[in-house]
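Before anything else, here is the set of structures, which you'll find just below.
Two complexes are shown next, each including subunit A; its partner changes from subunit B in the first to subunit C in the second.
Up next is the complex of A and B:
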């Protein structure tokens, strides 16, 4: 009798039934989805800041989450090419397949950097669609946020007004923050940095940072001895301020360069959860800028 | 277990069954000949075949990838068959050398051609939970052919027959479940049942150990939400150990 009563209660309780399920490939999109959809969405994030989004281990919970999802939010631009197509095929869920409103690829809404002019095998593990690490330019987050708001309204029209007001609120807070960040980081312009992989190109383009060297001359391929020697020779007369990397990157190459050039090795948060105090998109940019400012002093 | 949980593990369970179907009988032979690491070597050469094809400018897609992989695996099987005939006393060491050579040549080729790297990962790091029914069907056909060859025409193919059949079986299985599970399915049931004299009983017991390990592993994977391949390998080892102890002290 009690279970029948619970069942009836479940059926008549509208809150959980009306929430949409969102599957986010990376923490930054999970965070953006939460900003815009609030408690109208249950968000599952597939990777953490310490996992390379190029690769993913198959776990039962991921398949379960994508099967019940009304929407997937991923970077696209081939970042998840190694696992997302497999996961989508395994989902048996037509609403999130490519071409449907439930399939949202963030990189489709921004102009990408480092798009190769010639797609050539000699260029390394390059993404023909350009550098996919788009979320580190907050102006891209703004554009993607608008597109995501449209998409949420399309998927869940009953709550359209709610999404509109959350989007408006997010955009006004976000635009204010961008102004503050740009003011705070004016003195970072031109700072010279070395990087492990091309993960920070958008961040550098936004703040006018000067990434003078990448430890993987071709993305995804470790440098050869000759390349490292040339790199050292170029950098030793005028060493960069630091070598930066993501939390998921192997620390060995950056530690090596840091020792050789006697410059600090710095882990930037890169995404939500990449540092203890980075719990949302706002904190991500605040913390990244704070770390670099400390370096510049 | 809920319907969606069953949905998640059923294709994986079928993949397990397919791999076990060929690897349990092959494993007893591998153990008898003392060439345990042959599966690692063959799988690595199959991967090398894909990279080489890519480097030579074939746009390796779909069945072309399979063709390159199987061709390279067969070539390796043929060479290892020759060395086994000629230098049986150092065959295990030669297999080890073949493995590191294939792996390192792969790295060198990839230095100029990273796209093959994605194919290599697909080939060597198959993940059992990603398996879907469309992949299972061709794999089932190949496994049926392998088993038929193993029980019907192996003797006519003579010595090379074993290596050729093995190359086929490993190339297909590694893409479904990855190299660790292939190794486990090949060696662990064969080890657990090595005290059983009668061949039919031994193979049947090997299947039982393998299937039990798989089922246990998949259930644990769901409960603990951990990567399936690694959990299955652990479970298969535990089941095998219990089975071997039971045999010994019965």
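Up next is the complex of A and C:
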């Protein structure tokens, strides 16, 4: 009888009582949460760099994780429309529902690019609020960081001073890094690239890269053979420097096009874990710029 | 004399000239020095003036830079505010989605009943030729901060008459803590694995035989469902349902107490990053009163279901390639009176299926489904006459999904439900319009 009671207690007692549990939809937000919350938070990241954040399923492990979370940090702007609403409904967790402090959508704090003028599925799997891949502009990370710092203070006021100091420290390191990255990548301005999906629009806008072609004819719709052939014809007179893609994207169309054009096919890290040495946000931008600089030489 | 005086003048001039020259030079040097001093002063003034102007310009520039960055931030903030606040009378409309489906079939050995089972719902092979499927319309939205509402109705043409069927109409709590969710209204029961899904999300064109035999396709609850998720790293969920409705296998019994109730448990998690799984067990107990159209059943119906699903995708990214394996086992015991005869029968059924997405957009599936009735010797000559063999099918399907919202499917079935084997070919389309569908596991 006593052992049964212990078992029930074990099941019912939350895994950790002291730290806040953060459920991050994508690795970039997991990394930002760790930067700002340090050891005051247990961060669970729902996806890896090798998983398409558009197309995930509300799998059992995620339901279990979101049920225990004090806070959800996701991109928003419909990136997770297929699975996050379902997870929220299944969670039985009031603190993370929309409208509560525990519900944090990063894209709400930045200006979205590529807001479609025509909202119709004939245009592909478009996002009415604009391109959701906002994290690849470090100035967006700065803005989102400030908003996230405010939110952490609100959720866990006892540790407000701790979050303040971590935010100040992060911001000063981040601003310095942005200066360095901008100086280091001055020669990348105008470099012509073809991209698999519109995953790098913010990165390109920041560094003034010129994405001359997208392999997907419409967002979320893979190119057919004929469409790729047309693209090849268009690009062959003045080929871009490389074809870039995310780690989770199908490599075949980009490989084919790069072989035909005799240009490199490049997998940019896109997010934390997208390359072996990309373990945090700083490394993400360092590595992405280093890869492109190698191309430019 | 004249000559003498000229000489004297020359002498005087000759003696005095160098002195005058030296005096002139000194004046000139002094003048030059003064000029130099003046120029220097002038340049110094101008330089200092330039320096002052430069400093003030620099100050202005930095001010302008600050102003510019402030203006930029304000512009950004305005853009952010504007981009997330458009308001109109229809802003609060629920998410609206419609599903259109239809099929072309080539069916021999068509059936509408499974031997040894009381028919329920709209089951069977359908007829040869083109058949328009149900047009399903779904509305869903948050009611307020505490409730979420969902309404699904289906419009179907039944032999020339348009029928509207209420498939789902439920409210769900959105703000309960501690892993608790309560749903009420008309809902798909959580019994088994695929019962909770809409049929258009199925991996085959028709439901597996156990679902057709034991539920008439789908077990629908008119009542309440409560679920609790444990705060554990693995998903551990317990739930119960009370059904006052007459969804098969319940019928007619409910008054103040429900006619049927369900208990279910689910356990699920990941193995590494590439594998996910879920196990479930459910128990459904129903009272039936005059269930059926021609011959009726009154009595108790007890059903146990065990289900599993296992999914694999390289790196957990199901977009390129993935494999899904699932199976369910049903075991039912019914006792009471059927068509005026004492009836105590046991029925079982199971299916196993695998669906493999071998390249983006293309999936291949294989399914084997079986049901078997052991109804005893007393019911010879009735609907429940024991056929003395099990009914089974083997199905192979290939489907193509150009986008997340459309699917075309070809399915072949080798059908051994009746005594004679039948061959069926189905070509099916399923199209989703409007609101983005949910990627349930």
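By definition in this document, the second predicted complex is superposed on the first by the 274 of 297 C-alpha atoms of A that agree within 3 Å, B and C clash if a C-alpha of one lies under 4 Å from a C-alpha of the other, contacts with A are read in each partner's own complex, and residues count from 1 in each chain.
Note that in this section a contact is a pair of C-beta atoms (placed from the backbone, for glycine too) under 8 Å apart; a residue touches a chain by one contact, two chains touch by 3 or more.
This one's a predicted model, so the numbers in the text were calculated from it and none came from an experiment.
J.: What does the overlay on subunit A give for subunit B and subunit C, a clash or a fit?
T.: After superposition on subunit A, which the two structures share, subunit B runs into subunit C.
J.: When the two structures are overlaid on chain A, which partner does A:111 contact: first (subunit B), second (subunit C), both, or neither?
T.: After superposing on A, A:111 lies in contact with subunit C but is clear of subunit B.
J.: Does the superposition put A:86 against subunit B (first), subunit C (second), both, or neither?
T.: In the superposed model, A:86 contacts both subunit B and subunit C.
J.: So in the superposed three-chain picture, is A:130 touching just subunit B, just subunit C, both, or none of them (first/second/both/neither)?
T.: second
J.: By the touch definition at the top of the document, which applies to A:67: first (subunit B), second (subunit C), both, or neither?
T.: Once the two structures are laid over each other on A, A:67 reaches both partners.
J.: Does subunit B (first) or subunit C (second) touch A:97, or do both, or does neither?
T.: second
J.: A:58 contacts which: subunit B (first), subunit C (second), both, neither?
T.: Touch partners of A:58: subunit B and subunit C.
J.: A:248 contacts which: subunit B (first), subunit C (second), both, neither?
T.: After superposing on A, A:248 lies in contact with subunit C but is clear of subunit B.
J.: Which parts of subunit A are in contact with subunit B and also with subunit C?
T.: 55, 57-61, 63-64, 67-68, 81-83, 86, 89-90, 92, 121, 124-125, 220-221
J.: Show which residues of subunit C lie in contact with subunit A when the two form their complex.
T.: Against subunit A, subunit C makes touches at 76, 79-80, 83-84, 142, 145, 148, 172, 174-181, 227-237, 266-270, 273, 276-278, 311, 315-320, 360-361, 402-405, 433, 436-441.
J.: Can you list the residues on subunit A that touch subunit C in the complex?
T.: These residues of subunit A touch subunit C: 11-15, 47-48, 50-52, 55-61, 63-65, 67-68, 78, 81-83, 85-86, 89-95, 97-99, 108-112, 115, 121, 124-125, 129-130, 143, 220-222, 248, 250.
J.: Give every residue of subunit A touching subunit B within the complex, in rising order.
T.: 55, 57-61, 63-64, 67-68, 81-83, 86-87, 89-90, 92, 121-122, 124-126, 218, 220-221, 224
J.: Under the stated contact criterion, what part of subunit B meets subunit A in this complex?
T.: Within the complex, subunit B contacts subunit A at residues 4-5, 7-9, 11, 110-115, 117-118, 121, 127-130, 132, 134, 221-222, 225-228.
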